[in-house]
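Got some structures for you, see below.
In what comes next, chain A is part of two complexes: it sits with chain B in the first one and with chain C in the second one.
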Partner chain A sequence: MTVKYLIRTFVFAALLLASSGSLADMRGSGDLGVIIERASGSIQIIETTNRTKLFSVEGLGDLSHASVVFSRDQRFAFVFGRDGGLTKVDILTGKIVKRVVQGGNAIGGAISQDGKLVAVSNYEPGGVRVFNSQTLEMVADIPAEYDGGLLSKTVGLVDAPGNKFIFSLYDAGQTWIADFSASNTPVITKFTDIGLLPYDGLITPDARYYIAGLFGEDGMAMLDLWHPEKGIKRILDGYGRGEEPLPVYKMPHLEGWAAAGGNIFLPAIGRYEVLVVSASSWKEVARIPVHGQPVFAMARPDGRQVWVNFAHPKNDVLQVIDVDTMSIIKTFKPGRAILHMEFTPRGEQIWVSVRDRNVVEVYDTTTLEKITELPVDTPSGIFLSARASRMGL
Partner chain B sequence: MTVKYLIRTFVFAALLLASSGSLADMRGSGDLGVIIERASGSIQIIETTNRTKLFSVEGLGDLSHASVVFSRDQRFAFVFGRDGGLTKVDILTGKIVKRVVQGGNAIGGAISQDGKLVAVSNYEPGGVRVFNSQTLEMVADIPAEYDGGLLSKTVGLVDAPGNKFIFSLYDAGQTWIADFSASNTPVITKFTDIGLLPYDGLITPDARYYIAGLFGEDGMAMLDLWHPEKGIKRILDGYGRGEEPLPVYKMPHLEGWAAAGGNIFLPAIGRYEVLVVSASSWKEVARIPVHGQPVFAMARPDGRQVWVNFAHPKNDVLQVIDVDTMSIIKTFKPGRAILHMEFTPRGEQIWVSVRDRNVVEVYDTTTLEKITELPVDTPSGIFLSARASRMGL
Partner chain C sequence: MMKMLSQSPARNVFISAGLFFLLLAFSVPAAGTEQDPEPKRQRELIHLLVQDCGSCHGLTLKGGLGPALLPQDLEGKDNEYLSEVILEGVPGTPMPPWNVEITENEVRWLVRRMKEGEINDR
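And then the complex of A and B:
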């Protein structure tokens, strides 16, 4: 037996072991999530089965208004930073795979229905840029041009069935559909004069209706994606800030709209109320008094509860609405700056960011008791990997 | 440099490599699925991104009426066989982790909201058995006793929020709720006299209503889980087989009910029709004529289309209903014995089992064109891992 022989044997054994993978490291990706550490430009990767932290990932830039989408296999997170950074993170290994700074000032993104394209909505330069989700190479640049050369900030970017992206032009009062179903050169459909200053947009959970909130008018602009030929329809006049304007400390997030029991629960603007609107008639059916100006009103996946957080200075409180009786059944006071919350996909837990206490709390949604809390540095957005299987998030 | 030193060095290197895992083998589990190979007692594990087969797994017993649920991390599939076999399969490695034969004749299973319990519905011995999802050790045995000692076949087993399982007793005409929220000794609530011969059950996508089909009566039995104290309510009189009875070649699957646009689309029994029922009033609002006796009527996740397969001898055809116009927009003839179909979670693809051609076909649901087909031995049920994040499946 020579030394050379021994070396060959051990190299071969090493390669065999390595190529078969380590069972200890292998894991499913259905119970993973990303928590934004707002102040430090880092994220934590967590899992919701044993509720532990798996990795810290640093170097993601300005995450002061960050959001996340996931690849269709739930292995990769795409993190959209405020500074135009787009970072692809392997959530199974906790490593950054690729990072590009694609714009000067960005406000969220989306992933196409087929998972091949990632789109980013930019304030600066105004428009939407679309990237190959494998390589982060840019495949399409859609400047939001209006009035013969001006560029508008873009807001309310969502994905829609048929490999479409939909977004609104804040300065131009328009909504655009970019259809990537035929090729990476999108077919653009523009809806003009939708109303003044659309500030955010959402798509309903069935991905049929796109709705833009209007900062400059007292109502919202709705597009029925089953009938785009019918154009934009105005809904919910009286929702907005036009009637009895009140000081608004923080604009509510439209993504936080909650669909439950045939109704939509949405944060009123400025008022201490959650509005209940019929999802078939789009008329208001009730108003539920709450603790402060609501920011997010989020439905438990079975629609039985809606959890609400609030704008400064009342942002230390969390309330739970029972949808059946439309009344508050619990008020928590977990600490200052409750910035975001996320339900596990089957709704048994909710994860809540309490920024000023540097913790994320986890509640059991049946008992309404706290299960645990995890140390997280200035936590804001919480995004679980099950979002990969949902439309419009 | 001694031989011993070299050996030590290489063993250390081998262990290092192995413990760091192989990036080549590591993968997300969000785009995986299991296809039942009915005749051979085997399954295929596939992925829907590149649409390829990853593994074959053999030795799962009688899979002639098999179904599958997934662990909450989407790493493990629990396969329920007709012969009472319960098999836990690691879908990342394609290996059987554990297999128990827990009953003599079984008809499906469910996984609890928290992912810790797997329940199996048995014909023989009549009842439900509940297992630890980690170890497959039995934690609860719920014999379906009625009339002082008789045991009923159990059907229509589903999970519900609050770590509950719900099922019906075929012979006894009862529906039971088994509540595991406090401990593994369930609190059982029984609803008696729900109607004659409940043959299957479902829970609506929002997990609020449990509905049992009645083989012995002309209607269905509904329980509002938000108000169990109100008891069972009869709905859809005229749905069943009592009125103008026709020969029924195959009972439709209630799990195939499709919720779309505020309506439920369900296969009529015996008639060549898909019934459209309001999900708020539970009244029939339309009937859509179709090619044969429907078996599954499944809604694309955005509710824009409903795909329908049919009972023998018309089981070589697949039809697509446009929900907006309630009309057939496409009729396919892929081959004999179309047994099952499954949408990807965001609805861009549908996978279809064509048993007698030994293929699974994949269609693009926007273009309605076939994308590819995979060889599969006598394919029947198709179950994608995204089911882990849904209730009642």
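And then the complex of A and C:
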């Protein structure tokens, strides 16, 4: 080993240290998260241990309805913007690593089981595009073609075991599985006639069932991923039949579908209710009357509480359901436009976006008291890095 | 019943019926009601348009689950038709009726504003 080599190595190491900050500054990323600043096209990177803001990152385009997935090492956030922008952000340094505009009008994304692929679901052009998560180069384009050439908006994109992506076609009433286990040329399985106007989809936390919400009918479409050959099954058919549904001012989200106590809690469509459905029989067990049309029903990780927010014009209220007694134990009024909430990984805190007050509030979920609030410009989605290790998120 | 009207024919009948009544309503000259909403209410309406309509039509109204509502998309579409859709919604689709929150006078102003474009909520 030459002296020159040693010196070079030393200089290189020193440079590396200098560029990434000193060892004392090093930290993990398991308690970090991203908050979307909806109107300004920026994000904040926050940490939930001391509840502070670390960075503000600008230049991410149109972030209405933006969503985020994390790399498996929890270092990078992939931010999906409405304008088709896909931005990879290093959450430890607060820098944009790479940004591509991949489509005209995107709705959400997912990361594959092996972490190598990032998929984006597009309204325009209707379909799903899949990218190399390292380079953001496109590796597959899956146009959502139906009826001889029409393109459907795609919704409810999730990842599934076996390096698959699953999504639904809003205009066509179909669900597709794109299997990337063999190569980057996916094997596509199509399920047709799943029902009218699927508007969102989710995979259960155990990654066994894919369920699409149907706007055009009273029920949901379910696929058992252990037995895809059995096809789509309709569940909750006819719930609320015979009642006039109320108008829905914001589409409910299925992503936060709360599994708690052997049941699943989900927002009813067009009703001021949270539905409780048995996770084994898929039959309705109860309905809990709530303040408005629920948008998200989120279970605390231990399953003891479900927190619910509501659609316009009742979106200034947040309610907490006790799963044990299936009753509301607390009603908060934090301000107009409560758009999203997220629990810390073990559920001791919940972070809540209050858009019109330009704050994110943090509550202690045991005392149900507010701990603090952080200034955030028109906050919407809150995404914590622990999502990296959960299927379907 | 939640079983919705099947897609087009029923809907067209519905819309044309709605249009007919709207036309009827407008053929009777209303005394001095054609006034723009107050500036404060205008700001509220723009806020509603960007934030709440925006959740389905895109914050910049470039389209989302619902179609794009930019001037070039609305050009050539009848103001009465657009007002009717906004007030009554489109049954069988996610487009909800807004008549609880927006008056007929306000919706006419809103539609004119949408056709002008350059909408900014700040």
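Note that the second predicted complex is superposed on the first by the 366 of 393 C-alpha atoms of A that agree within 3 Å, B and C clash if a C-alpha of one lies under 4 Å from a C-alpha of the other, contacts with A are read in each partner's own complex, and residues count from 1 in each chain.
The rule is short, and it goes like this: a contact is a pair of C-beta atoms (placed from the backbone, for glycine too) under 8 Å apart; a residue touches a chain by one contact, two chains touch by 3 or more.
Here the structure is a predicted model, which is why all the values come from computation and not from measurement.
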item	value
Chain B or chain C, by number of chain A residues touched	B
Touching partner for A:Gly148 - first (chain B), second (chain C), both, neither	neither
Partner chain(s) touched by A:Ser64 [first = chain B, second = chain C, both, neither]	second
Touched partner set for A:Phe215, first chain B, second chain C, both or neither	second
Residues on chain B engaged by chain A in the complex (per definition of touch)	3, 6-7, 10-11, 13-15, 17-31, 47-49, 70-76, 92-93, 113-115, 161-163, 181, 206-208, 226, 260-262, 279-280, 301-304, 324, 344-348, 366, 385-386, 388-391
Residue ranges of chain C in contact with chain A within the complex	1-4, 51-52, 54-56, 58-60, 62-65, 89, 92-94, 96-97, 101, 121-122
In the complex, chain A residues that touch chain C	38-39, 62-65, 82-83, 105, 107, 123-124, 153, 155, 170, 196-197, 199, 215-218, 240-245, 247-251, 270, 312-313, 337, 355
